[in-house]
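Two complexes follow with chain A in common, the first pairing it with chain B and the second with chain C.
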Partner chain A sequence: MKRLTTLAAAAALLATGAVAQELYAPNLAYRTGPFAATGIPLMNGQADYFTLLNERDGGIGGVKINFDECETGYSTEQGVECYEKTKARAIVTQPWSTGITLQVLPKTNVDEIPILAPGYGFSPMADGRVFQWAFNIPSSYWDGASMILNYIEQEDGDLEGKKVAFLHLDHPFGKEPLPFMEAKAEEKGFELLPIPVGLKEMQNQSAQWLQIRRERPDYVVMWGWGAMNAGAITEAVKTRYPMENFYGVWWASHDADLNLVGEDGAGYKAISWSYPNLEAPLIADLKEHVIDAGLSQTNEEEMQGVFYNRGLVISMILAEGIRAAQEEFGEAEITPTQLRWGLENLEITDARLEELGMTGMVPPFSTSCADHTGHSGGWMLEWDGEQFQKVSDHLMPETEVISALEKQAAQEYADSNAPWPVNEECNVGG
Partner chain B sequence: MLYRTAGQFKTSYQADQALFPVRQDAILLGVILIFAWVVLPMTASEFAFQTMLIPVLIYALAAMGLNILTGYAGQLSLGTGAFMGVGAYACYKMVTLMPWMNPVVAILLAGVFSAGVGVAFGIPSLRIKGFYLAIATLAAQFFLVWLFEKWAWLYNYNASGAIQVPNLDMFGLWVSGPQAASVTQYYLVLGVVTLMTLLCINLTRGNLGRTWKATRDMDIAAELIGINLMKSKLTAFAISSYVVGVAGAMYVFMWKGAAEPNVFDIPLSFQVLFIAIIGGLGSILGNFLGAILIVGLPVALNLLPNALGIPISSATVEHLNVMIVGALIIFFLIIEPHGLARLWALIREKLIVWPFPY
Partner chain C sequence: MIYDVFVAPFADMIEAPDFLMQVLWEGLVSGILYALIALGFVLIYRSSRIFNFAQGIMVVFAALTLVGLHAAGLPAWIAVAATLVVMFVLAVTVERVVLRPLVGQPDIILFMATIGITLFLIGFGEIIFGGENKVMITEELGIPTGDFVFEPFGGLLILQQLDVTVVIVAALLVCALLAFLNFTRMGRAIRALGDDHQAALSVGISLQTIWVLVWFIAGIIALVTGIAWGARAGVSFALEVIAYKALPVLMLGGLESITGAIVGGLMIGVLEKVFEIYWGQPLLGGNTETWFAFVLALIVLLFRPQGLFGERIIERV
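== the complex of A and B ==
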């Protein structure tokens, strides 16, 4: 019955949408508030990609994309407000913070709208059986943690007997990789030293770095966001921690944070599933159709940064999902349910990336009904004093260990939120 | 004209001390109640429920709790957010440990825990006053939020450290969690808030309320006329924290659906304190007016440019919003430092004597 009414609502939407001829894809942006500095380049990248598609190709499959922003200021309350405001017409919701994702996640089963949380949110969302409407394409935090540990092993040999400090924001986001890191510490025999940074201490981490100086860990792995990254990087320079042993998650690869220390930060590394390829044909098209036409809020310097280019990749994922759904169902104006199919059937190959003019900007990946992440793997980026450089080949996470953990955590979530609908049609491992 | 009191005679002291000595007040309240109970639920959209109606009621209740302590009993508190947290976590533990429990009972019982914690942190008020007491409650604020983060038992060892509201039903109807309909939650919140408001109005008008006001106005004088200060202050802490705890439990269970510890951090305390101050300390009506201004107005302002068809970006709207709400707060406090409730009281006085100036 519920499904019938939503279908009816969707049909009604289609009927009204036929006049407007557009797909409404809202983005819960944060250009204001304490995290605005990191939000703006991401939001600009996302918006510019869709402006380009609208200007150059007339949208996707002949329909323009109404890529509307709803400002949240990274606040959970305003995020939920935006979700409620946009959900009637939206084909997708992009919550843009772990807090908002956690709030919206249970509601999407009822509202039947896909959540697209690229590279953030809840790692077990990869289990498409349980989280039918949530996607964290192309990599989850557990993937990221796994890739960092693999890279360290690859470069410096065995981790056994080593000490790894895990500097993280004391918040759902920062705690996210802890279960994985703990499991690995036991398996590999290294000592894990979790060092939480409270939300109030983000800018002043002297206590944490004093602890690091005392404990002398072999590596520091950082799960930081916003002001915490700049704080940690300046403290690391001040305490003369060897930068080449300092690793960050992809949200700790903001050029502006490293610009603060410049040369002193050389050697700092961050794992990433996106990389700015400034020679890519896409960038040339963007300059021609969007930047020169005055349709963008970005600037020259920002466009070369990791975050702006990550925004482009995120929008590409959504656009490809829309395109896949349009081709499968043979209609231009797809419904949220059809978009879910599209996001579950992404085939981003090297050939496809070349067609899109995005070679080297994201590793190839594919998703399925059971795998809502894609586990693309990524690259290690290193700050050379002026910008981030790709220093590794394509790294892959340990999918087997992770998927076992994912299933267990997803099941726990479903149990504690019973009744929780599970999609039994999906074949696990498929 | 609208508020003419001519012809309304009071022939007994009882009639003069009634809740509504002026008939029009009762009519006005009746209209508002009909709106809240009948008209709004029938006309409001899902968006209006989730972003305006439910939060305004919950924040108003939290501010009412604080107002009992600060406005009526004169004990300044900066720990409201943490006491709301105690209510929320207590409710969460109760419904997860005892899933058979009726959610409304759990919400009402959750207040008992926060009342206990409130009394414990209220003990310093017996020796310290004013800003010094505010600092003591600030300690409660920091300590409790720290506890919510570190005591994993409180959030059932969830890896993310957040509490997630399970689906709870009452007589076959979902009342909390993602399955619950907004209108059900609204009625539940409205019911609890109406009940609490009735309770608070009568408490503050009665014997206990008078002891609180005496304590607030001059504690030495109050002691001299035979008021037990310890009893007066601690009952204020207990009842205030109870109401705040119930508001906190509803904040998570009836509205947000999930919460991490830092939700209950000091910004929430300040927000509730602002509502109480702008609404008017020492008034019940003020809490609702304040909540509408602080919680409801920004949401409405955000919708305005779109409704008028003005094409400005969402980020600009947000900047404008912060400026407009800030300016309004200053404006209202300049024209009436005692808050919106006092402003309404003045308007009402003028209406009663209208068309004469006195």
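== the complex of A and C ==
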């Protein structure tokens, strides 16, 4: 009887066309597996931002966001399955791994769904002419490597004749900045020492750190993810490597990893395009509408961390893309193609950040048809023994050098994957 | 090339003997931990012919339980005792719910059942403890965290007190296990089951009791391993992957040999480290630890298919 009543109610709803409006924005999340520790705070931040918009504002432009998660465990195979499973209804795909991004990149040309990979993926995706559907807003890995090298030079002088160890996960993500690092080593005259860390060796990096002890590099730059970061930081302490010469990418700026070593990790630095602003109005709104309402999976400690706050910024980028598209096309229920336009026309200024209650949480940036990254720059964060502190002004990458490299690499990618569709309407440099 | 392969590595060793000692020490520490994980596999395999795929997740589960119970307010050593109780309950549950109904089934079915246990423990562990990285309660357990510094040959040798403790505790645990297996009634029963199931059952050895016992011992080993690895890089589900390092140890030492697990673990630990530092990094770009142990095990299997210490099985048709 109950089933019949439910069926009748559903039929009535369909008959009147009263189907709830929503935009389906799946997230290929990883809350399980070896990388869960870094995934969870990011996913919580992302989810909480959309919960806030749904609860406080009734969604975006009057339409609620269905922010669904498909668990990948950071596995490329499962990620591709998730993409296939969600693509029919999705207005965007958020692959959350460079490996998954590279796999779905060609598919999105056919399926016409934007890939949103904030701060990860393939750096040449910045070239929107070639990668029409991919966005790595607001900074690419090459931007990150550039900012780290610039900061070192700014603080310690010329890199010429120095030795820089590049400790990286032996995975597409870890290898991604290698072409840029190699180019810079040649240009600036420093010796680059790539040191790969296998997935099974993340927790036991004694061999890698013995190599660092033997080679005595002036600096160690780490492209770490998940358990690799905690493993490297504990080994650095054990090896007595000077922490002030140890730098990481933004995915190696997780408070929980540094908590393992506490005071011993003081001096370690990581470049970041996001920073927590606990006084921001957004945080107060989150507490009121999401946390206190019991709609979040986060906790007080996690909320103060770099990763949770980065998750908020990532969802803000998507939300602003949706908003821009809705305004441009005058439709609440936008299509993936319209969202692509929105992501290509972001104008995240200081004023807009203030309106969003997110002042200081991300540097201002804008995107265009040709620039799918925005190259926002970032800040250098330093672990003080208890938390990350901002220790630099707004840093910028060498945008001109990087753009040239990106265009070259994007063209090479297009040529090697020919026939690859190119958006000739994009005004390069525009 | 010949110089790089056959001369330079040894010249490096002679030139910096303190560094060689450091490499050997790090290899020994890794090796003893590999041996411990492998022992967990061997004990269960010997008594039941089950390849326990769940050994890795048991390491994670034991470590998470310990940290979780301490976070819930239990003093460190009480938390250890409580974790052991949890591992015992897990052993009883596995025997009652999973293994007992599958007695007499083909080995592959039992192996698949342990994959099921793995998946269950991953989900259950994440629901109870969450997936975040947690700090092992090293200091609360009284494990020293400083280091011993020596200057052999005018160089530098740093021994972490944590690693020294791990080596001592692991060595004691191995000795205790060997004594238990050789000099106690229950231990001999486990060995008897390993030698001949039918004969052991015919003399009144209880299969159920032995299975609970070996799974509990594997749980104890998992806890010690979890504390040792967790103290190095935190407690998270990433610890599970270290269990895969035991696979070449088992191939090398033999699936049913306790001596093989110990010798194989130490051999792989030391040799993969020495190879990585003196040959892998200079000549092959590093990260040879990912495959070296498997290649070594394969070479051994070419000449001794049963592993270094495994039993040679002759089947007459």
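Assume the second predicted complex is superposed on the first by the 412 of 430 C-alpha atoms of A that agree within 3 Å, B and C clash if a C-alpha of one lies under 4 Å from a C-alpha of the other, contacts with A are read in each partner's own complex, and residues count from 1 in each chain.
Throughout what follows, a contact is a pair of C-beta atoms (placed from the backbone, for glycine too) under 8 Å apart; a residue touches a chain by one contact, two chains touch by 3 or more.
Since the structure is predicted, the reported quantities are computational estimates derived from the model, not experimental observations.
After superposition on chain A, the partners chain B and chain C collide with one another.
Looking at the shared chain after the overlay, A:P106 reaches chain B, while chain C stays out of its contact range. Residue contacts after overlaying the shared chain place A:F122 against chain B, while chain C stays out of touching range. Looking at the shared chain after the overlay, A:D170 reaches both chain B and chain C.
Look at A:A409: by the touch rule set out above, it reaches chain B but stays clear of chain C.
Once chain A of one complex is fitted onto chain A of the other, the partner contacts of A:T32 extend to both chain B and chain C. By the touch criterion defined above, A:G231 lies against chain C but remains apart from chain B after alignment on the C-alpha atoms of chain A. Of the two partner chains, neither chain B nor chain C is touched by A:G267.
Contacts of A:E84 after superposition on the shared chain: chain B is touched, whereas chain C is not. Applying the stated contact rule after C-alpha superposition, one finds that A:A207 touches chain C and leaves chain B untouched. Steric collision with chain B, judged by C-alpha atoms after aligning on chain A, is confined to one stretch of chain C among 98-106, 170-178 or 278-286, namely 98-106.
Comparing which residues of chain A touch chain B with which touch chain C, the overlap comprises 31-32, 170, 199. Within the complex, the chain A residues that touch chain B are 29, 31-32, 68-71, 73, 76-77, 80-81, 84-85, 98-99, 102-103, 106-107, 109-110, 122, 170-172, 175-176, 178-179, 199, 409, 413, 416-419. Listed in rising order, the residues of chain C touching chain A in the complex are 16, 19, 22-23, 26, 29-30, 122, 126, 130-133, 135, 147, 158, 160, 229, 232-234, 236-242, 244-245, 273, 276-277, 280-281, 285-287, 289-290. Across the complex, chain A meets chain C through its residues 31-37, 39-41, 170, 194-204, 206-208, 210-211, 213-214, 226-227, 230-231, 234, 238-240, 256-257, 259-260, 302.
Every residue of chain B that touches chain A in the complex is listed here, in rising order: 46-47, 50-51, 55, 96, 149, 156, 159-162, 164, 166-167, 177-179, 256-258, 260, 262-263, 265, 299, 302-303, 313-315, 317-319, 322.
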